[in-house]
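This report concerns only the one structure given below.
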Amino acid sequence: MLKLKIERAPAPVWMRSLIPIIAIPVTFLITSIIILLDGANPLTAYYHFLISPLASKSSAIEVLVKSTPLLLTGAAVAFAFNSGYWNIGAEGQLYAGAIAAAWLGMILKDVPPYLGIPAMVLGGFAAGMLWAFPSAILKVKLKVDEVVTTLLMNSIVLNVTSFLLNGPWRDPVSMWPQSPEIASGTVFFKLIPRTRLHFGIILAVVILIITWFVIKRTSFGLKMRAIGLSKEGAHFAGIKVNKTMLTVALVSGGIAGIAGAGEVAGIHFHLIDAISDGLGYSGIIIATLGGLHPFGVGLAALFIGLIDTGAQTVSRAMGVPVYLGDVVQSTLLLVTLSLFLLQNYRIRRVK
Amino acid sequence: MHAVEMKGIVKRFADLVASDHVDFNLEQGEIHALLGENGAGKTTLMRILYGLYHADEGQVFINGKPAVISSPRDAIRQGIGMVTQHFTLVPTLTVAENMVLGETGSVMINLPDVEEKVAAASERFGIPVKPQALIRHLSVGERQRVEILKALYHDARVLILDEPTAVLVPQEVDVLFKALLRLQQEGLSVIFISHHLNEVMDICGRITVLRDGHSVGTVQKADTNQKQLAKMMVGRESFGVKRQDQRQASVSSCLLSVQNVCAVDKKGLPALKDVSLEVHAGEILGLAGVSGNGQAELSAVLCGTQKTTRGKVQANGINLTNAEPASVCAAGVGRIPEDRHANMVGELSVAENLVLDQLGNFVKNGILEQDKIQKNAKTLIKEFQIKAAPGDRVRTLSGGNMQKVMLARTLSQNPAVVIASQPTRGLDVGATDYVRSKLLEQREAGAAVLLLSEDLEEILALSDRIAVIYAGKIMGVLPASEATPEKLGLMMAGSTD
Amino acid sequence: MDITLFLIGLVAATLRVATPLIFGTLGELFSERSGVLNLGIEGTMFLGAFVGFAVAATTGSLWIGLLGAIIAGMLSGLLMSLLSVRLGVNQHVAGLGITLLATGLSLYSFRLIFGESKIPPSIEPFPMLNILPESNPLAPITNQYLLTYIGIATIAVVWWVISKTRFGLQIRAVGENPEAADAAGLNVYAIRTRALAIGGALMAVGGAFLTLAQLGSFTFGIVAGRGWVCIALIIFANWQAVSVLWGALIFGGVQALQLRLQTLGFKLPYELFLSLPYVVTIIALTLAGRNASAPSALLKAYRRE
């Protein structure tokens, strides 16, 4: 007779890639409960959630628009997590990038696009790095827990943004709490006319490919992965742990900063308080869901972009609160995390 | 009727069978040794008895009645107490608080009352401890006493001691043995896990020998001798490797020099006090000592993973005082660390681990040269007889194969100096022989080898000269020809006569 | 302007601002002393604020509302336990996930129950106690909400539980050396689970104080990072219950001072002032960075081999 037994041992590698795929239906099963609470039919809701957005060209493009910053925050978080640096601050670094972009958009009047757009990208990158710097340096120099400091830096930048928008940067024309419109030379060009899809998505895909190349193909990538998997082992092998981790943390912040610059230069053209409604936190979900692999991150970002768009579709079509999207995302994160533990188990036959 | 009887115990860990249909019995009031090498399955068997592991097959009887022990709580209820190698005491709590940790009952704890009871128990069993003392202020020997008293406090009639002497100096061992004999007179039964033949012959009545998860047999002390036990334990009479020659007092050049090195331990207390050593080309210098006397710190200092507070380290003519691991590698120092799990990256592949400390040789313009890395792995896997594929994650390897990966990485770079820290701990006999032969090979090739080991037999078998470390100080250096276990034992206990 | 009046007002406001921080930090204390860093605190406080408000609004009883918040907080703690204790998920990410989930669930349910009305729904909150007559100059200090007094009393209770009771001993043991606790026959999972549930309940009360006492209504920015401040306070307080009071008062004081100065018409960039607690926290973390008194097993999932 065939007897099976579950025991603690590394599961085959292919299980790893299967986990997110199992996680999605499990998540939907769980979140059905709260949809039922609203008296709505979960199946109809999921139809609007997952299928409707893709049914029309305009909403499908909107999914890509929503995914653009997510590709970047996901890449930023995954990059940092790969080296064991728990950057929870992508949200704040994104805001820093957005602030820098709004500022550049104000001062770079009459700049041609071929100068203005690179300036926005580099400015966002630099600002994100800058905002990531305090946590990173405290981590490597004084071993201060980066999770807490990056979290707190998020709260600080939100206050800074609202200070700028209610004070020095308040739009002098409309008096809305938003910065003046950025110069036309700094606007990211559209990929498809009369849609919101902009240059940012190309940038995001290119950056994703670069992070893949760095992580998987370069010696720097091997070093950062070694640090992420065993700091002690990496240090023993002569890898400069602090220097590598500092670099990774700053680059991660920079990538998140570009996401913020992209939202200003490609979507809003102003700095506004709600420039990111948790895009940085979604980055953590995406990085986890994507198994920290840049290509997995790419797929996960598209999926979360779909959920974000879908939440609005569901809300419009059925009156289900739009926050269903947040619940689905966070449940997906927790389910995926739990399922990832399965890779420590395997099933074997007992004779 | 037996106090404990275990029948047909089987325990598997993934592919490893740690306990293979083992039978074992313990009589009332006897001290019974469980003898075997590292990895023979002694601890596994006892962890099953104490409820820390669950047996896959087999039965346990306590006082003749079948018993299901699925947690330490069950074991304690059955009158079984265990003192493990890693003490299970909470350092921030007092002795008395540790005693009542597992009890259930009233919401409040009447601590003065407990302290009184502990003091009474301490008196009755002749095991002196202070009930109010915080565990973290106690020495290792004192903590062991607390552990034993804790078991007795919970009315243990069967006491399991897992390698109790590993952390003690010989004088403390005497105290322990006296206490055990007194407990035996009180009617207690003791299971004494050890791999030291002399100890076992000293104190135990019966001896059960385990090898590779099998029970080799149980013998009466009167019917056996050390030689026979050794044969049962390792399956042959002595070490597989032997040094070829006894070298003259070395006139060759000094490759590793440690001068007046001081360093602190994790708590910031002095761990190395003015340590000075010299290792010459073509010799093995063995550093003997009881665990926790500064070996770990010395090894870390020499490997570049810990800073000194004073002193100088020089290897191969290069000053390596407080050097980073990268510079230590570059200076031609090969390092085989004590904790191979922590010092490799378990989740990376064998091939990646094999190049991790010499990435410069496998990178072009910052990009990894995958072909070269794979080729290197294939060559070394063959040369060092590693049972693994280049792509296997290192953490899936057995201890022996993991150590071979470490050896391969280190020795393939032809180091001038080798720092080997507990290189055979936890390895099976075959792997142990292999590692030892590789170290001798390095010596023949002219490297200076520093061997840090707590295994005196290993030190005696391999070294040309032997240094002894005690409380962070070098007690002396002897040529191997003058070293006897007795002499070394005295030095390891801090005696300077 | 009268400096005495100003100081009295400042002390009174400090106590009010400190109340949710005291509850939140004591909740985190339970979690962390048992070895689990619960970053779900921000979301759990938010959940407590929401559930307290929603239950009070539907039942018409503030006390039932508070009970609802306690139950919700316990459930949040149990979920954290399921993930980080039973399954052994990374505590950082699990906690953060719980914050996201609790926040999302609260917002979703709020919309479900109260719809999208223009005027935010409100309830009649707990009154301030009337210990001294209004005429007494010290009245603003003594006449606080009952929950503020309960919060301060809870500090003493938590100190007693942790240092004097059997349960406290068990929590300390599993937070310092779970292997030892296991070998002694304690159920590490169960003890951590209980600690997390109690911790979650306390966090939720901290959140519920905001809706049920201070404001009487529920807004989306109601918790506004207070949970993160608690995470810092626990380090500041060196994991000691009594020190939580001092930490919470100092932090509350900074916040209250800024509020007072603002109402007095000082032209302050108040948004930047709001960041002050976070900056102070980062500095406190930096100074406490090498502190060795954190529970040794913090962040480590316990697994038997």
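So that you can tell them apart, the chains are marked A, B and C in the order they are listed, and the count of residues begins at 1 in each.
Rule of thumb we're sticking to: contacts are C-beta pairs under 8 Å (C-beta built on N, C-alpha and C of every residue); 3 or more make two chains touch, one makes a residue touch a chain.
Since we're looking at a predicted model, the values are computed, not measured.
A.B. asks: From chain A, which chain is the farthest off, judged by mean CA positions?
C.D. replies: Chain B.
A.B. asks: More C-beta contacts across B-C or across A-C?
C.D. replies: A-C
A.B. asks: Find the geometric centre of each of chain A and chain B from their Cα atoms only, then give the gap between the two centres in Å, rounded to an integer.
C.D. replies: 46
A.B. asks: So, what's the distance in Å between the C-alpha centres of chain C and chain B?
C.D. replies: 45
A.B. asks: Averaged over CA atoms, how far is the centre of chain A from the centre of chain C? Could you give it in whole Å?
C.D. replies: Going by mean C-alpha positions, chain A sits 28 Å from chain C.
A.B. asks: Of all residues in chain C, which touch chain A in the complex?
C.D. replies: Within the complex, chain C touches chain A at residues 39, 79, 83, 87-90, 92-94, 96-98, 100-101, 103-105, 107-109, 111-112, 225, 228, 231-232, 269, 271-272, 274-275, 278-279, 281-282, 285-286, 289-290.
A.B. asks: Across the complex, what residues on chain B touch chain C?
C.D. replies: 50, 52-53, 71-73, 76, 82, 84, 86-93, 97-98, 100-109, 150
A.B. asks: Any idea which chain C residues touch chain B in the complex?
C.D. replies: Within the complex, chain C contacts chain B at residues 164-167, 169-170, 172-173, 176-177, 179-187, 296, 304-305.
A.B. asks: Tell me, which parts of chain A touch chain B in their complex?
C.D. replies: 7-10, 217-223, 225-226, 229-230, 232-240
A.B. asks: In their shared complex, at which residues does chain A touch chain C?
C.D. replies: Touching chain C: residues 34, 37-38, 86, 88, 134, 138, 142-145, 147-149, 151-153, 155-156, 159-160, 162-163, 166-167, 278, 281, 284-285, 288, 321-324, 326-327, 329-331, 333-334, 337-338, 340-341 of chain A.
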